[in-house]
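The same chain A turns up in both complexes below, where it pairs with chain B and then with chain C.
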Partner chain A sequence: MKKHLKPSDMAMSADCLCPIESGDLSPLPFPYEDFNSRTISPLNPEKVKNLETSLDNTLAVGIPKPASKEEEEVLIRQFLCGLKKLFEKENNWTFLQQLLLSMEHCAKCQTCSEACPVYEMSGKKDIYRPMFRAEVLRRIYNKYLKPGGKITARLTGGIDLNWTTVARLAELSYRCTLCRRCAMACPIGVDNGLITHEIRKLFSQEMGISPKELHEKGTIQHLRVGSSTGMNPLGAKDSIEFIQEEMEEITGYKVEIPWDVEGADILLIHNAGEIISWPENVGAFAIIFQAAGLSWTLSSETAGYDAVNYGVWYDDVQLSRVALRHADIARRLKVKKIVVGECGHAHKALIETADRILTGEINIPRESALVTLEDIVLGGKLQLDPRRNDFPVTLHDPCNYVRLMGIVEPQRRILRKIAPRFREMTPHGVDNYCCGGGSGFAIMSGYNFAEWRNLVSSRKKFLQILNAFENESQAAPKYVCAPCSNCKGAIRDILSYYHAGERSSLYYGGLVELIVNAMESMKKPIIHFGDQPSWT
Partner chain B sequence: MPQIELAGKIYEVDEDGFLQELDKWSEEFANAYAHAEEIEGDLTEEHWKVINYLRNYFQQFGIAPMIRKICKDLKIDMKKLYELFPTGPAKGACKLAGLSKPTGCV
Partner chain C sequence: MGFYIFSYFCAFIFLAAVACRVYRQLTLPVHLRWEIYPVQHEPTDKLVHGGSYMEDLNWWEKKLKSSLFNELKYMAPEILLLRGLWKENRSLWWVSFPFHFGLYLMIATFALLILHALLVLGGGEAYVAGGVIGALLGGLIVFMGWTGLILGVVGSFGTLFRRLADPALRAYSSFPDYFNILLVSFFFLSAFIACLLVDPLLIGAKAYVFGLLTGGRSLNAYAPAESVFGGAAILLASALAAYVPLTHMSHMFMKFFFYHKIKWDDAPNLRGGGIEDDILKNLRLKPTWNAKHIAADGRKSWADLASSAPKETK
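The block that comes next holds the complex of A and B.
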């Protein structure tokens, strides 16, 4: 196996271009050294016999191998056709300018590689360099689509285009969490995260290739039944009714959760995964909004109770369909604004990216819940006793809040007021590291992909969490505040994979739970560490 | 699509062994699958109570109920639920009930 790989090696015939071997990954400290020899389990040959697995022995997409030479040629033509469209204004007006700037100006200085947690933690595997996959795309484009490209490719280093190259590139576009730390580090502003996104888009929009968790079980299911979880409107109502009862039992505070209130000031949209997996987050929002006297509502319309928009990760058409649905629901409810709950990618999709397609009366104001919460907590609308949060707290910065949107301080101003033992991770804010679950990874667990995530893409975050608490005893319960559903899912999986609950007493949750935990009107705490209440 | 053979019948499952279509489920399926989910011996009345509850809920609402809701509605505690389904309610119990693997940000 070649130690150093060049972009042209993507066309090379090999059972596995870049295996991760035992001992390759960055070492973990005490008491996690036993994980240092761990590597990704081999794929079951029976289960993957017709799939293209030759990139790095893991699968996110699982692309079937073409059955004949003719099929292979059709697929390559489709790929080139999609690639051409990425560079045409009528087909890619949304991202063409950023794409062109990034394609034309990379100086290959590798600053991006140093910024990338996947590259660093993998033991510096060349294929995971942010510029590597961009360079593969650039060379294909230059050689096959630029006039005279095949001649210049002989001089400047081309790349052969065969099915293996194409399929590996599709898989490789799902080895980057789109955290865009590389884009921020680049001295000339090249955005390799954006290029990765464009590659995913090409495969989905032109070739129908995407991970089933994002498309078939994601946006398609979301638009059809109302939620990517499969939850229909009745299911949302039943679950929320249950949460309402539970909240009173847990905290002793009676809360009523409003549905479909026409003309309310705020339509609050949660990531519906919260309803199922982190119901106390949904309950805590309701308690805070009620106690602060806000005029607000949830929506029981199809997709009105699920803020997710997986389209933002892989497909502009699906992104637009979901965003338009959200905006239209708000318009018909006649609310003054939408507040997006603790979900990072929903912030990106609905507040940021969708701004380019929401025009006229559907351009409903959209606000981050972090900002709404800051107004409530710092505006003195709640009676708070921070002594109730007398345990070490650190904050995970979801990439979409900090790096994409610049929402850095609201969550910190809240924490400084309610969590006396709050400490930062290093680095943090716009320099944060991704949880490793970004761009859909937290919900992708087919084949051995969850293992790749826990071992490689989430590894840096795990190290950061351990580091933030290094001066605390292993036995003292500690709280990782992660105000984003996707990040929470990834962090839950890290803690479970590395047995960090047992070994380091690490717990995790959102921001609203910490606020409610400090509210004087709660008779009992909402936060528990295992069976133990966080205060008595 | 992976397949498994149980009690002489072929079922389509995903790569984690979850049945693909709810209506292909049968009691024989659950009985024959129990061993793979670390349940010793035959399924008891208590197992069936959970399985039937999950199926009803899923048919009505499109999702598996929250674990706390299962416990409350069936008046059993978490410990008992894990005793019945050693691989856990989300995995073992849902698999035997023929529910598909949870999707979305859960």
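The block that comes next holds the complex of A and C.
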């Protein structure tokens, strides 16, 4: 295997361009050294025999191999056609300026590489350098779409465009969490995360190629059935009814969750994954909003009870469709504002990115739940006893609303008030590291991709969590507060993969659970560490 | 005269290329928001932690605050001292800073040389004969010129060495990357040698710039080609001016757009505002994406597609 892979090597014939081998990954400390020799389990040859698997040890998209040379050529032509459209305002007004600037000004200084947790934790594999995939795209564009490109490519560094290059590039666009830490570090401002995003769009919008968790089971199902979880409105109402009962059982506090209240001040939209995987989060929101006397509602309309918008990661048209649906539901309910629950990408999609899609009467004001919660907690609307949260707490910063939206302090001001043993990770705030589940990875687990995520993209976050609690005994229960559904999913998976519950007594949950846990009106705690209640 | 014609030609290319780049940026459609925090024009209470106005309850009911002072406080060390690189990639900063600062000082020296030429033209013999302003300006030109040349030589050859010696940089470098650095290095080197050997007080440089402003009428009858290195420096400086805006090195001024149009572009779209007008224009554009779920046919607009449900899955 070559020591340093160059962008032109993407066209090279090899069964696996960049394998991750035992001992390659960045080492973990005690008591996790046994994972240091662990590598990704091989793909099942039966399952992948018709798929393009020649990039690394895993698969996120799983692109079928073309059946013939002709089909291969058609696909390459489609790719080039899509690439051209990325540079046309009719097709890509949404990100044209960002793309042009980033494509034209990279100085190849590699500063971005040091900022990327995937690159660092992979043991510095070249293909995971932020600028690697950008440079592949740049070279293809310069050679195949710019006038005279085939001649200048001899000097500027060419690349051969074959089906392998195209398929590997599609896969490689799903080895980056779009955390944009690299863009923050770039001394010029070049955004390799953006270029990855554009590559994903090209494949989805032109060629219909995307991971099924994001598309078929994601945005398509969301728009058709009502939620990317597959839950229809009836199912959502049933589940919420169940949550109401559960909450009373768990905390001894009776809560009523309002549906479709026209003219309410707030339409609260959760990531529907919470309803299924973390019902206590939905229940905790209801308890807080009710106790604070807020006028609020949930919506039972198709897509109105699921804030996710996977389009923000791979497809601008799907992004717009979902955002429009959310905003229109709020318009019809005549609410004053939409409040987005603990879901980072939903924040970014609906509050920030879609801000320049929503016009006129569907441009309904949108706010982060963290801001609403801060007003409740710091405004003295609840009676709180922080001693109930007398255990070590650290905070994960979801990239989507921290680095990418500047919502940094409300959650901290809350924690300082309710969690006396709160401590920061290093680094934190806008300098944070991604949970490793960003850009859809948290919900992508086909083939052996979840293993790649746990071992590579989430590794840095795991190290940060361990470091945050390094002065605590392994046996003391500790709480990782992750106020974002996808981050929570990724953190749940790393804690389980590394047996961190058993080995370091690590637990995780959202922010609202900590608030409810500290509410004096709760007869019983909402947070438990295994079978143990957090207070008695 | 050939030197002057070449310099005029390069100046023309420089102006045209810069104008084209800037014009294209200014006429691009408004895009979706894609900022990264900290956004440096936020008021200090937000900026200290990288916060935004979206941290405030009902932010749309309040007047948004922005601080030009905070922005300038960030931009000055970023542009002049490459603060970002110092923070993120210290080992590269040691060569990149002298490289860039050397270039800045060359630009500043050139500006002073123009000022000098204008004063000569305006004040004539009286100015040339001496006086405090003339002496100060002359001293400043010599100081800036020499500092810039020394930094430039160190920085440009250092950058070249780094690119060759570091396998990670070498693996991603192609001919133009080396060519660009070599062009700058040779300019610095030839100008440095010219000053060292024949023109330590930059009298020749003054004469040439005066000549540039007067259609080739050189002050003190200076002929640049008399010194091979002086001539080379003039040719390379002119070529560099024309060449930089044609390459990725235009980041020196295009950085403005990176920051103001993307990283810090947090302007919200308010009902009835200018951004909304631009968005409505964009929503009338007709895409031609081919995937079936998009259902674009070149006749339907973005607004049509966004408000429709996907019929096909692929």
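The rule is simple: the second predicted complex is superposed on the first by the 536 of 536 C-alpha atoms of A that agree within 3 Å, B and C clash if a C-alpha of one lies under 4 Å from a C-alpha of the other, contacts with A are read in each partner's own complex, and residues count from 1 in each chain.
Definition applied: contacts are C-beta pairs under 8 Å (C-beta built on N, C-alpha and C of every residue); 3 or more make two chains touch, one makes a residue touch a chain.
Here the structure is a predicted model, which means the values were calculated and not measured.
Placing chain B and chain C on a common chain A by superposition gives a fit, with no clash between them.
For the combined arrangement built by superposing the two complexes, chain A sits at the apex of an angle of 160 degrees to chain B and chain C, based on C-alpha centres and given in steps of 10. When the two complexes are overlaid on their common chain A, residue A:205 makes contact with chain C while staying clear of chain B. Touch criterion met: A:114 reaches chain C, while chain B stays clear of it. Contacts of A:489 after superposition: chain B is touched, whereas chain C is not reached. By the touch criterion defined above, A:91 lies against chain C but remains apart from chain B after alignment on the C-alpha atoms of chain A.
Looking at the superposition, the partner that touches the larger set of chain A residues, chain B or chain C, turns out to be C. Minimum C-alpha separation, chain B to chain C, in the superposed model: 16 Å.
On the chain A side of its complex with chain B, the touching residues are 47, 213, 217-218, 221-222, 225, 227-232, 234-235, 238-239, 242, 246, 271-274, 276-277, 279, 306, 308, 343, 442-443, 446-447, 485-486, 489. Residues 3-7, 78, 81-82, 85, 89-91, 93-98, 100-101, 104-111, 113-115, 126, 131, 135, 155-157, 180, 183-191, 194, 204-208, 215-216, 219-220, 223-224, 316-318, 320-321, 324, 337, 351-360, 363, 365, 367-368, 371-372, 374-375, 402-410, 429-430 of chain A touch chain C in their complex. Residue ranges on chain B touching chain A, taken from their complex, read 2, 14-16, 60-66, 68-69, 72, 100, 102-106. Looking at the complex, you find that chain C touches chain A at residues 24-25, 28-39, 42, 46, 49-60, 82, 84-85, 88-89, 92, 96, 167-169, 171-177, 248-251, 254-255, 257-259, 261-263, 266, 268-271, 275-276, 279-280, 282-283, 285-294, 302, 305-310, 313-314.
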